[in-house]
């Protein structure tokens, strides 16, 4: 039979009608919704058991305790470690996204020499040549670690060791000069202070271990008309800290020293400070003019300060005037003031004070990315991420976040001595080596980080002081072996020394110091941040909202 | 539909809403379907030709829808309301009684009085044996000349009044000749025979709707006037201005003229 | 114009006078170009996502929604004329019915097309039919518009089949005949649907409890804007129809419909506009003095942010409301073609402004105390899509005019011309 | 028994550090910002606003106000407008649930929300090579073209419920369930709990005279409360305070 057009129409129509009676169209409809859900390029989160592990943030020297949610072997989430003695469960905003840093597009994945790809062997040869040629300098941004001690012992033979201290420790500089006690053992006894006069220190915005003061503030000061802890913020602009402070004193930019002097003088004039303390030369009128506030305001401020002791003045950067004010206030060595954490002191040379000629400079990955050695030599810089402003001939890929075993010494400016261990939670990509591992290749006789840590645990155990802090704390003396101690530390316990007795530091200061120290620079919210990149999700804070200003170094 | 959709909860609102919606949808589809079905039944029931013609008639310009009595001068102006089918015209009788202006000038065209003429330029002559001869009238013949192709229906075909009687092709134009009346084809002729179809009518033959006698000449005059307008392309110049004899095979004579319109007008295409 | 070359002559109704194919092509060319650009822009939005637009989380609705609301309001002429002709039996409006249908079809199909670009997941458009939320005005809109578009398509088919070639052949002719006889049913249905979604488009904003600028109290489930939108739409629909007709007459240089028809449209438009203005004023007063203050928004707050001053309200109600109503009703102005068209134009501007204020100002105004007043400039992709829609409309209408009997009057006039 | 989860945010304790915002994004697998993303096209289900009393100079007072989905209880604006039930108020928990896999992306809900707490995925979610390993297993990634918002870390509620079920309990242990922002806040400014429970600390705090809700007069019964001792902060609850207008004029 021949097929007419009419037949075709009939057939087609019938087919269409019939199709509607089958489940086919509904299935198709349902599928479209599924298709539109998972395009091939939309990633699906891996499914697997989630376990929580304790570790410590190694991105800045504060070593905040964090709980890391792990799924199928990878960190998938971070939260604070509530029982941590210093940060008490609080983290800075950057910490919460840190686990994504290891996949940052700017992750340094191979050895680079002057920008072009190179290899470890070449770097090793070059470094050994340099060692042979002369002495080398090793610069550490996080002293006190096991790795640091390896650096030091290496430098004993091959050169010299310098450190880059964080601002909180630099601010303690004057006390070291006047008392001889090294800054790395000094701390602020914030927990016992009644009034804090902050000269521009971002106490509530990433200062020291972020949680330490914010927790204190939120418990003793936040929103209270007459708080137990009075925070007086002296700052030209209304920073976050100023906005949250009990009082905000606005002064002319850069007149912190002048105000400190004025306060000291006011205290002396009003007989609120002992006679043997130094008297600032400048009259109140002069200082008042310098700070652009009235004399009455200064006097009133001085009286308010001391109204609720103990009083402590904190400066953002090293500022001898503010330090001297603390001396006048008798805050040095006193309870709620500046305390010395331990007797056995160790003093480091500042990196930029290193003198002599060097054939090579090795910069550890803990050194801030914007640090530039003022030494004319070949620079071997370890870094987890590219793009730091710092100078480097050799860029050496170091393990990233939570990718290496390291021990966590006491946080800067902490009032109590702590020690713990951060184990590697994620496997570092191949090609990654820490500075310590690199040096071990140069000098095979040197011990490994693991061994040093083990040794330190042994010392801690045999000293039998302090407690192990976990959900509940146990005295070290109650433990039965160094291994047990180490195991505890590896699982998130923190060793805490017995609280220091007041004293231990005395500052003899005859007359008021000449203004010294770095000019106060406004601290950006990423000051404490070491790597040259930010966690991708940090964009929520500046790009995707107007909460914070765009930081100088940010990748995505 | 909804069962199986997670989290979906029926509510009274749904019932109302959805029933309203589906009523609407069904009405729409129903309308469409009924239109389609009726069309189909019309096509099957042979009503198609009639309907199609009525539709087409409505699209014709008014000048081509004039009543035959207006042509004959029995009435000043009248539009045909019945698609030229006077068999159902109520007024036919009243007008037909009136005297017609007796004009006989067929402009030299051959229009014998014994023939009945359809407005689509076909003629019909009843034969003694009861069959009907159907041919193309002289004007149309002059226009078309001898066609390139002629498609006459095979014998036995039922053709319907105002439907297609036969088709011709000329210079790329397809010409559909409308059937003057119903009937079955018993014999087919062609131009040389002078006639095209011999039809056997069903039942009594009513030729009332066809033009005859005095009506023919005025109708012709109108047709020629129309052709004059439609064919007067600038190049050709007034073709029939002299009102004299038409040249045979005008489609060949002046190919550049607007034959599309002319033919459509002549054979009652919209 | 017998001399004009018409290569598409066989498609044009015999006797109808049309410009030469070349000139027609010339007229279409720029519009076609604009349409292509629009399609390209829409393609970008579909392929790369809506980041191609300048909309954002605060301005979640932008140019497109404004466009859709306006276009659909202007397209109301279609259903309203149908309603008048078939339901109220105003046969005198018949000559303009086809034009109205085509216009409506253009407006609705265009609006729906743009909506499909506007949503983030067009492939999920059917979800609304799958698990509808009957409390949402948008559901109502979706259902009604999709149905009404279907209706318009069906109403458009007979018009299409009146084309000289498309209508050829018995099946087509018969189908046209049959469908044509059922059109009243469709018209009735269309009227019902349109009354609803025109309203629910208004309700769309009236129910926004969170946006005191737009929120209105209402009757049962529908806020007052529901009824205001219906009124304004049917008031302005005829005016727009009038403008378009006038534009066609201007372009073709020939009268398409009798004068009195335009005037009659104008009168209908004017009366309804007057009613609308009255209702709108009352509603505004209630809103300013009761609804808005009751949720803590002082009346003048809404107009504290230039350029959205209270002048806008004045313009909308008086300049684009009362004035055109007067022009369209008052016999002496209505008899003057220029005034009549001015009135119609003003009325259309009025509805545009109203829809603009509803869509844009609502989103621009702050709600939280610490919000900012935001502004938004559409990206070229948005504007191009907009342009594409307009081009689409012009092209479809031009084609329809050239090949279809849009204006019933025309044929007689055409034959008159040829009979001269 | 029906729970009504809600928060009380102590504005006086918020230092505006933004930890909650980052923690929220990490928990909910929010992708890193696209190159062209801005404060107006970004995705910040938890967003900290900087607010001020409008004064200038030394006596200007500033505060930080975290804003997230208010989980409106009554006539929830977004729920009523969504054409296809992609947003629903969970009767058992009072959480306003957004179902991205059902969302058409019409953004009507965004225009309906007076708190601007809803965010549209303007871009495809893209993570740098390998970073998808760091995605939170509990939470499905939203694709381009859909709306999302805070759902009080529903994945965590799920986990808590599973844990309870495993232990054969009908109700969850409140300590097992807290959204990421609550957990992250370094000052404990955000407290989370069950408002339906009379002696839950949150419902007690919500009843305190210092507590307030944003735009409460709209009548949508938000379940996110704020509290502050400072009157000028409490004044922010009302729309368009004098301050805000001043800001408008100045900025």
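In this document, chain identifiers A, B, C and D correspond to the written order of the chains, with residue numbering beginning at 1 in each.
Criterion: contacts are C-beta pairs under 8 Å (C-beta built on N, C-alpha and C of every residue); 3 or more make two chains touch, one makes a residue touch a chain.
Predicted model, so just to flag it, every value in this text is computed and none were measured.
Undergrad: Hey, how far apart are chain A and chain B in touch steps, shortest way?
TA: Minimum step count, chain A to chain B: 2.
Undergrad: From chain B, which chain is the farthest off, judged by mean CA positions?
TA: A
Undergrad: Have a look at C-D versus B-C and report the one with more C-beta pairs in contact.
TA: More contacting C-beta pairs are found at C-D.
Undergrad: In terms of Cα-based centroids, which chain occupies the most central position?
TA: Of all chains shown, the one whose C-alpha centroid lies nearest the global centroid is D.
Undergrad: Please work out the Cα centroid separation of chain C and chain D, and write it as a whole number of Å.
TA: 40
Undergrad: Please tell me the distance, in whole Å, between the geometric centres of chain A and chain C computed from their C-alpha atoms.
TA: 62
Undergrad: Averaging over Cα atoms per chain, report the distance between chain A and chain D in Å.
TA: 29
Undergrad: Taking each residue of chain B in turn, which ones touch at least two of the other chains?
TA: Only 7-8 qualify.
Undergrad: Could you list the positions in chain A whose residues touch two or more of the other chains?
TA: Within chain A, the residues that touch at least two other chains are 33, 36.
Undergrad: Could you say which residues in chain D touch two or more other chains, in rising order?
TA: 38, 41-42, 85, 102, 124
Undergrad: Show me the residue ranges of chain C that touch chain D in the complex, using the header's touch definition.
TA: 49-51, 55-61, 118-121, 124-125, 127-128, 130-133, 135-139, 142, 204, 207-212, 294-298, 301, 304-305, 362-363, 366-374
Undergrad: What does chain A use to touch chain D in their complex?
TA: 33, 36-39, 41-48, 50, 69, 71-72, 74-80, 89-97, 99-100, 102-105, 204-206, 210-211, 214-215, 217-218, 222-225, 238, 240-241, 243-244, 248, 250, 535-541, 543-548, 556
Undergrad: Along chain C, where are the residues that touch chain B in the complex?
TA: 2-3, 9-10, 13-15, 130-132, 134-135, 139, 143, 147, 150-151, 154, 162, 164, 167, 169-171, 173-179, 182, 185-186, 189, 192-193, 405, 411-412, 414-415, 418-419
Undergrad: Which positions of chain D touch chain A when the two form their complex?
TA: Result: residues 10, 12-13, 15-19, 21-23, 25-27, 29-30, 32-33, 37-39, 41-44, 47-48, 50, 57-58, 60-64, 101-102, 124-141, 143, 180, 183-184, 186-189, 228-230 of chain D touch chain A.
Undergrad: Which residues of chain B touch chain C once you look at their complex with the stated criterion?
TA: Touching chain C: residues 1-2, 5, 7-8, 11, 13-14, 16-18, 21, 24-25, 27-28, 31-32, 34-36, 38-39, 42-43, 47-49, 51-52, 54-56, 59, 61-63, 163, 229, 232-234, 258, 260-261, 264-265, 269-270 of chain B.
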